[in-house]
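Next come two complexes built around chain A: one with chain B, the other with chain C.
Showing the complex of A and B:
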């Protein structure tokens, strides 16, 4: 990507607090179904790389565990992400990376809504509308150049 | 109780199916997909298939159970794929339309920005014309009722009108740039040469022509989000529109002279001489996610004059719904729209992208979904 001037030259970097999930007896029982919960979805997106810096979305507090809402029985997921600065032009790209990550990892039954956290971006409605228009997303993902950029961001999200 | 029975499931597409179009005889169906191809389907024995409206009574399903649908045992073999068109478009084929007078030709519009016209020569469909011009993805193609004009629209905010030059090719006669965002669909009035476009800018525009000059005759506002599409009633008196705001709006042309000149209406080709008013709104409590498609079937033969037919909607909440439209008693233009059938998980746990009533055989519906299949349904109005 030809960026000579970064959108956000000096982002705030936060420490990652990693808490391992407590293993329970029921985890080993195949008869017990484990619903998808916000922790599991957060695991999928926390390590996505920022397009500009060699840092994860978690380190930049762009994605936060508290802002991942999952309703397994209704097959709904809502992710609210927080761009580092209100005029971040990468917001749509970051949202798209989250969407692609979940498209590739979550069961097909889930309807995923991705929104900018309210009040954190000057064009949040504009960004939200694009991210949640499935035709626009489908067309964007046919753009090989864009797909390369997205795949680079997702390379760290193993 | 009105029921929708699943009669056939057509598999073959390898990616989501975006749109379907019935031919003028109602005996063939064209579909297009994210797999970059278009397919033409037909029942193996059309006359028998469409006449057998009462499939065996044991196959009744009220549409509320997820698991088995009342698929007729032999239906797996009653439809066949006649043709596959897969060599023209380099990206998703988003829209497809049979030419309405003879259905010799079929048009496809693709995310690659082009619209292609196909005609069957000997055994396969050949591309007889390629219409270029859109700057990015083309989203819809539609033929005028006479088959002489074609309209296309796309993400570049424009609506293009093309005219057939008699030799199988088309000349662009107008490029209309009044929408402020992506145009999702274009739709011709069933009788007059009037066009409606539906857009990501939350509005709809009505286009008419005056001595070969096309202009914007009205802007329909009211929806609170992207307007995905619409359908005219078969007599052309009413227009239904569906949106990302989860509502359905029904419009009609009114005769009052109050012209609405607001800032949003100003445009270079704007002459406000068509007055549309919204006469009914189906609230957002009925559909729980964006509504992508609507189709309007006229009332069956013998129905009372107040019966204005049935709307079918395809929604992002996986449900297929049928709503009955009735003329409101005592009012000149009022209508009531009432949900009469809701079939959950019509395409499994996938969005429904397109619904199309058969224009010839009453009660037959084709639907396309994100599950890569096309499904054929029959509307059962019998009360038992």
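Showing the complex of A and C:
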């Protein structure tokens, strides 16, 4: 993968509006359960760095709070992301970063689906298939070079 | 000959780079003592100085220079100075000798025998013979130093040389690249300009200096020369702007540089232009004015960088302040319009460059960039009162006319924005333009509230702009009449009070009131405050609105000292009058307390006297009436109302904030009526079932009044040690309080008694009296085995330990004995309180609102905490080791954790190793707060001294932390689980992988489970720790 030549060298950068949620009294009460919700999952992924730019996925509007869907009781999470340009060849890598981040952060009971938002990428189906195929993901993560790139992108997300 | 031998050895040493200090000292001391003369030294050096070999000549001069630098003035006779100067001047043509000659001349220059003529000779030789830039830095530095010394010691020489000096200096500097030398040279230039008329050489000198503009360099870290880029920039700026002769040459290139793309260069150019206004003539600027204004406009309109905009506007203001002056400066009231039209005739005013564009913008169909236009107009107008009049006269009629003609709200807002900027300039120069008076009615109309415009988000900008305008009109000197000002203030106050969808209008209005409170305090008090108080009286007022009003009032009160007392007085009157709905009383009293605390804290470092006066005034007005009010409330209320207790607590804190800051006489004056009122209540024991008894045998008071005792306690505790407490016998009083505390069933009464006993004993300086008091306090405990008889010892320990009294430690040992006793095996009745005694150890060191704190003048000796730690912790450790009873061990751990929790970090780290095993046991405790405190202490040790824990890490610390993550254990509260995650996430940062290799898998497993915790905060911390452990050991 040659990332010296940037696919999109002048992306639109948005002002970050989301902030950490306020801590309530009930957050310290063990009698109250806090189900995993979309805000919590979005918090996990919003600071992932873009592979090309020193900007977060949130700043580039690749990820968006409204495009994270969580059903805690059914143990399902669906993330839809928006590549900055329709022919972005980094789409699969960005999706992979999101998947790895959630693999390392969400409770293991969740089944996570990651998709390119409909109509935002020219090879949408192909990318979606790649991202949700367990074996292909596992194989990709065995590639040490790729894993290094992913770890770099995730370094800011901790 | 001794000298010859020394000189030879010295020269040989120079060749071998040997350390010649000893030889030099010998030479110097032999000349100083008179054994050898300077002449003999020169003779001894003769062969070297006259040698044909350059290096030998250089060495010869070096010896002479070294010796001259070390000799005191008295050892160099006048004649010798003259000869040496002649010699050195002649030798300056010998390039190899120049470095040492310069240092030698610098040594001679400090002598009083060095005459002005010598200075001229040296300078002539230097400028003629030496090409300074061909030498290395140290030599160049010596040359600049020489010039500095001449300017400093022989300014007449510089004056006499005149142009020759300037030219020589310019040649010398030409080509210099070292920032250190440049910094010195730039600083020299203004000094030269002050001495010499540089008219004929201005261009030469300017060319040499200006080529460095804009100057930037990066200084290396730890650079010993310690020149910052900023200081170099300033030095160059001063050099460029130091002479009026530079003006004609500097302004044009500076204006050109202002169009540079580099932001720093742009700002530098602007700032240099502004600095130039001090010396450059106005004509220099006038020629370039059009281009400059154009450039400034471009930057103000286009630049996204705030600092560029500000630099540009400041420059505009500075330049206009010098280039336009009224013809007759003494007559500031001269009509500017007449001057522009009449005196100057057809010639355009320099302000036209600004005004034409502004007028164009203002008359355009759609007004764009109103803020920027306004800013430029304001900068131009602020330059002088005269210019302000010109700008106002040109702009305001246009705005007024257009406002009349248009109904489009956006256009009106833009126009108002520009108008606000112009008016703010009038406020800044403190002079109103003539046209303002003429247009007064129109202006008032512009800002008149328009009720047809809804107060919602869409129009909030319009409202805010209008409010700002009203504020400016109010601030304009002698513009609004008294009545008009009142109406204006009412308008702003209403905007602040009335809540609407858009909070920004409220906030802005409050902010404007705060601004106005500085200049119009009287009107704020007479007009604005009543409106606020009226709004608070509304019975149907919502909680949110009350808090908004209180915040606004608090901010207004804090902003100006003259408004503070009226605000607090008004609020307290509101509370006392009973007009305030009961739920809002507490919020109001709380605001009063916060405002008082904020004000006295701010002025802590300021004028202590005025602070004390303020506090005295507040006690007389606010605190007094609130205390009386709450007294009446307590009399009426049924038993044990929590609301009263909370009110009393707030008022007590206000009492502490004010009373602790007045002198002891005023404190005593405050105390005496207070004691008359509360003395009986404090000494009356309440207990249900039995008849209440008064220790004084006086009248009985209803028990509800006991809720008021914190007021007495706060007042007693706030006193200085020397303040006279109004009781006949203090020891007796303390003894009686002790009896009451032991027997009462009302917690407020018991705590208040404890606080007063502790504070009085702590502030008693006489050791004997103190001892007597302690005895009296403890006496009743001998017949009493209640919990209070244990707690009273905690309070005594607090009072005595903080002043390093050994009696305090005896009490602490008694408590430790109790803590170490088990209720099942001990015959003593008190043993049942051993756990409570352990838990209450925090009383000894913990924080309190007023009893024994440094703010309330308690005697707290330095190192008292250290001493407590050093004495008590080993005791706890020993007792822990010697017991095998689980309960006792738990008690001791509780006591230890409570002790450690209040220790400063520096104290704790000293000898922490011994405590670690106990802390680890404390993690097993079932009390969650102690568990969390223990883990926190472990974490702190991990940060401060990771090596201490290294051995314990894998065998005990990590397994204990993992156990603390389990959510099925009730002791593992959210807080415990979070601190455990924090501690775990710290390990990969502080230790190398091999140390904890074996624990990685179990840690990851436990953290995976913790990632599914039912509390979100724990999940977040667990995820953070998991990711750190996951990458731990990878690299």
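Keep this in mind: the second predicted complex is superposed on the first by the 152 of 158 C-alpha atoms of A that agree within 3 Å, B and C clash if a C-alpha of one lies under 4 Å from a C-alpha of the other, contacts with A are read in each partner's own complex, and residues count from 1 in each chain.
As a working rule, a contact is a pair of C-beta atoms (placed from the backbone, for glycine too) under 8 Å apart; a residue touches a chain by one contact, two chains touch by 3 or more.
Computed from a predicted structure; not experimentally measured.
Chemist: Using the superposition on chain A, tell me whether chain B and chain C clash or fit.
Modeler: fit
Chemist: Which partner does A:30 contact after superposing on A: first (chain B), second (chain C), both, neither?
Modeler: second
Chemist: Applying the touch criterion given at the start, work out whether A:109 contacts chain B, chain C, both or neither, answering first, second, both or neither.
Modeler: both
Chemist: Pick one for A:75: touches chain B only (first), chain C only (second), both, or neither.
Modeler: A:75: touches chain B, not chain C.
Chemist: So in the superposed three-chain picture, is A:22 touching just chain B, just chain C, both, or none of them (first/second/both/neither)?
Modeler: A:22 contacts neither chain B nor chain C.
Chemist: In the superposed arrangement, which partner chain does A:66 touch: chain B (first), chain C (second), both, or neither?
Modeler: neither
Chemist: Does the superposition put A:139 against chain B (first), chain C (second), both, or neither?
Modeler: first
Chemist: Touching A:40, do we find chain B (first), chain C (second), both, or neither?
Modeler: In the superposition, A:40 touches chain C alone.
Chemist: Once the shared chain is lined up, is A:151 touching chain B (first), chain C (second), both, or neither of them?
Modeler: second
Chemist: Quick one: name whichever of chain B and chain C touches more residues of chain A.
Modeler: It is C that touches the greater number of chain A residues.
Chemist: Put down the vertex angle at chain A formed with chain B and chain C, C-alpha centres only, nearest 10°.
Modeler: Result: 150 degrees at the vertex chain A.
Chemist: Chain B to chain C: minimum CA distance in the overlay, Å?
Modeler: The answer is 11 Å, the least C-alpha separation in the overlay.
Chemist: Could you pull out which residues of chain A sit against chain B in one structure and against chain C in the other?
Modeler: 108-109
Chemist: Show which residues of chain B lie in contact with chain A when the two form their complex.
Modeler: On the chain B side, the touching residues are 16, 34, 91-92, 94, 111, 136-137, 139, 155, 182, 184, 200, 225-226, 244, 289, 316-317, 349-351.
Chemist: Which residues of chain A touch chain B in the complex?
Modeler: On the chain A side, the touching residues are 75, 108-109, 111, 129, 133-136, 138-139, 142.
Chemist: Please output the residues of chain C touching chain A within their complex, sorted ascending.
Modeler: 967, 973-975, 1008, 1011-1012, 1014-1017, 1019-1020, 1023-1024, 1026-1028, 1030-1031
Chemist: State the interface residues of chain A toward chain C in the complex, per the touch definition above.
Modeler: 23, 27-30, 33-34, 36, 40, 43-44, 104-109, 151, 154, 158
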